[in-house]
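What follows is a pair of complexes built around chain A, which joins chain B in one and chain C in the other.
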Partner chain A sequence: MTETQPPTHEVGAQDDIELRLGANLVHLPVIRSVAASIAMRADFDLDAIADLRLAVDEACSTLITRAEPGSTMVCRFTIDDAELRFSGAVVSSAGEAPSTASFGWRVLTTLADSASSWIEPGAHNGQRNWVHIELAKRKPAFT
Partner chain B sequence: MSDLLDVRTESAGDTPTIVVAAVGEVDLGTVDTLRAELHAAAGRAVPPGPLVADLSDVSFFGSAGLTVLMSAHEECAARDIAFRVVAPSRTVLRPLQLTGLDEVLELTASREEALATASASRS
Partner chain C sequence: MTESTTHGPRNSSDDYDHLVPLFEEFVGLAEDDPRRAELRDELVTGHLPLAEHIAQRFSGRGVAKEDLEQVARVGLINAVDRFDPGRGTDFLSFAVPTVMGEVRRHFRDTGWIIRVPRRLKELHLSINNASTQLSQHLGRAPTPSEIAEHLGLSPEEVYEGLEAGNAYHSMSLDEVLSGDTENLALGDTLGEDDAALEGVENHETLQPLVRELPERERKILALRFVHNMTQSQIAERIGISQMHVSRLLARTLAKLRDGLAEERPDQES
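After this line comes the complex of A and B, so read on.
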C-alpha cells in the first residue's frame, strides 16, 4: 500500500543509478557509501566526495523524517558531462516542503551547486504527497 | 542502538573535567547516543569544567550532530561550565564552518589542548 508510483520524472539513461530502500534512518550509511562511490568514479576529489556524501545524507535525512512509516524512498543518481545529480523522493502526508531554515538545509545548499525541494500532490487524490529533494554538484573542471 | 557509533564518557583524573569521546558515524540515525551521553555529562559536570566532546575519531558528522553540540553548549553555558569540542578533522570541521558554528563553539585540535587550563574560552 505504501509502494505506489515512482516519482514522475522520466526514467533515466543507462548510466543512472537508482536505489529503492525503506525510508528508515538505518539505511543512511548505505546511501552515503553509494554516493561516495559514484562521486569517486566521476573523478571528484576527496573533499568534493566528502561534501557530496554530506549533502546527500542531509537530503535523505530530511526525506526519511517526513516519509510515511513503512514506506519506500527512491533515490536516483544521474551523471552527465557537467554534473552529478541526486534526486530523492518519499511518500508523505506532509503538505509542505521541508523547512529551509534548518542546519541541515543550510549545509545542503552550501555544499551543492544547486538544491531544491518541492511537493508533488499524490496522483490518486488521497492525502499523500511525494516530497522531492534534488541537488547537483558540478564535476571537477579539467585542468 | 548500532555499531556505527560508540560514545564513552571518561573523567580525567580528579579534576572536574569530563571527556565524552565519540567513535564512528554521527548521523540522524545514531545521534541519540551522543545526545544522551553529552546531556548526562553536562548534568554531572562541575563548574568550571571543562566538558570536552572529543570527535577525533568521528568519520561522518551530519547536521544532527551540530544540533546536539549546540544543546550541550547552551546547557554548559547556563551552568558556567566550559564546553570544548575536539575537532581536528575536516569531517567534523566542515559542517561546523558551513553553519558558522565554528565561531560559536570553542574548538580545539587535540584533546590535550582541550584539557589544558591555559586554553581559555574564545567565545
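After this line comes the complex of A and C, so read on.
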C-alpha cells in the first residue's frame, strides 16, 4: 500500500461520480468539464453551472499545487435534489489546510454556497497528510 | 473623448515622442516626394514596438504569433498612412484602435480556430441568444431545460451546444470581436474595488496583478467577487453574453492564480 493511494470512502449513492487522476494541472479541463456536465444534466441554471465550473477549477488547482509530486487526486461529485457537492483530496506534505483568508478561498466561497477545507493525518506515513476541500452548490429553487 | 487619458500600456508616449515632428513633415510632403517614403519607413519602424505589443495582447488565442505580428504591422502601416496630425489627436490614440481593428478582423476572418462542425457553432449561437433573451425575461439565468423548451430542442441537443461552447473556450472568438479598445483607458472605480480586496491575505501580491488586467476583465472580476453580481447580471451590465462573461472570468482567475503561484515560495519560508 503506498501513501499516494487516495482515501477510500464508502461507496456512495448510485449516482455519485468519482474521478481519480494524477494531481497535475493538465487534468483541470477534464475535471471542470465533468463538473459542468453533471450540473447541466441536473438542470442547474447557466449561472450556477458556470460558477460551479469555476469553483471546482479553483478548488482543484488549490489541491494540486499542494499535492506531492506524482500523487493522485481523488474527486467526488455527489448530487441530490437540493445540491451538488464536490469533494477533492490530495496527499500533501503541507501541515495546514489551505488558508481561508486567501484570494482563492474568497473566490471559492463566492462561487459556491458553502466550502470547507481540512487536513487529515495520513494513515501510512506520519509526514504526509490528506488535504481536503469540499464545496456545495445549491440547486436554485424556482417556482 | 478626453485627451488626457493614458495610451494604456506603459510603453506610452515618451518612447515615441521623437517621432512626432516627423508626422508634421510627412503630411506636408507631396505623394511622389522621395523624402516621403523615407519618413514613412522611419515612422513605421519607430512604432513597431506598438504593433508588437498589441499582437502580444492577442496571443495565446490559437493564432500563430508571427501571423499576429504580421497583421499588426499591416495595421500600423495603415495607421501611419491615414493619420492626420491636423485633427488634434496624437498618433498613438489613433494607431492603437486601428491596429487592434486589423488584428480583430483577422480573427473574424479566420473564424473558429478549433474545427467545430458548423451545426454545432450554429447551435451554440442560438443557445447563446436564447439564454440572453430568457435571462431578460426571467430575471435570472435559464436552465438547459428552459432553453430546450424555448428553442424546441431536446435537452441532449442543448447539452451538446453548451459543450461546444466550452470547446471553443480557449480561443474565444467573441472576446476578440467585442470591443475591448476601452481596455486601454484607465479604470476610474479602481480605488474602491482595491479596498475591497484589502482583507485578503495575499493582497499585496494580488493588487498589482489585478491592476495589470484589462479594464473589462477587472470590472467583471470586481462585479462578481466584490459586488457579488451573477454572471447574467454582469453580462447585461457589460453588454456581452453570460457565456462570454464566464470565459473571461475563467481566464482572469487562471491568470491571477498563475501570478500568485509565482510568489508562493517566499510565502512558505
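In this section, the second predicted complex is superposed on the first by the 133 of 143 C-alpha atoms of A that agree within 3 Å, B and C clash if a C-alpha of one lies under 4 Å from a C-alpha of the other, contacts with A are read in each partner's own complex, and residues count from 1 in each chain.
The rule is short, and it goes like this: contacts are C-beta pairs under 8 Å (C-beta built on N, C-alpha and C of every residue); 3 or more make two chains touch, one makes a residue touch a chain.
All figures in this text were calculated on a predicted structure; none of them were measured in a lab.
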Superposed partners chain B and chain C on chain A - clash or fit: clash
Per-residue contact with chain A, leading partner among chain C and chain B: C
Partner chain in contact with A:A82 - chain B first, chain C second, else both or neither: neither
Partner chain in contact with A:D51 - chain B first, chain C second, else both or neither: both
Partner chain in contact with A:A101 - chain B first, chain C second, else both or neither: second
First, second, both or neither for A:D43, with chain B first and chain C second: second
Partner chain in contact with A:T110 - chain B first, chain C second, else both or neither: both
Chain B versus chain C as contact partner of A:S33, first or second or both or neither: second
Which of chain B and chain C A:S61 touches, first, second, both or neither: both
Shared chain A contacts, counted only where both chain B and chain C touch the same residue: 47, 50-51, 53-54, 57-58, 61, 65, 102-104, 106-107, 110
Contacting residues of chain C [partner chain A, same complex]: 131, 140-145, 159, 162-163, 166, 197, 199-203, 206, 224-225, 228, 230-232, 242-243, 245-246, 249-250, 253-254, 256-257, 260-261, 264
Chain B contact footprint on chain A (complex, rising order): 25-26, 28-29, 32, 47, 50-51, 53-54, 57-58, 61, 64-65, 102-104, 106-107, 110-111
Footprint of chain A on chain B - complex, ascending: 2, 4, 25, 27-29, 60, 62-64, 66-67, 90-91, 94-95, 98-99
Touch list for chain A against partner chain C, complex: 33, 36-37, 40-41, 43-51, 53-54, 57-58, 61, 65, 99, 101-104, 106-107, 110, 140, 142
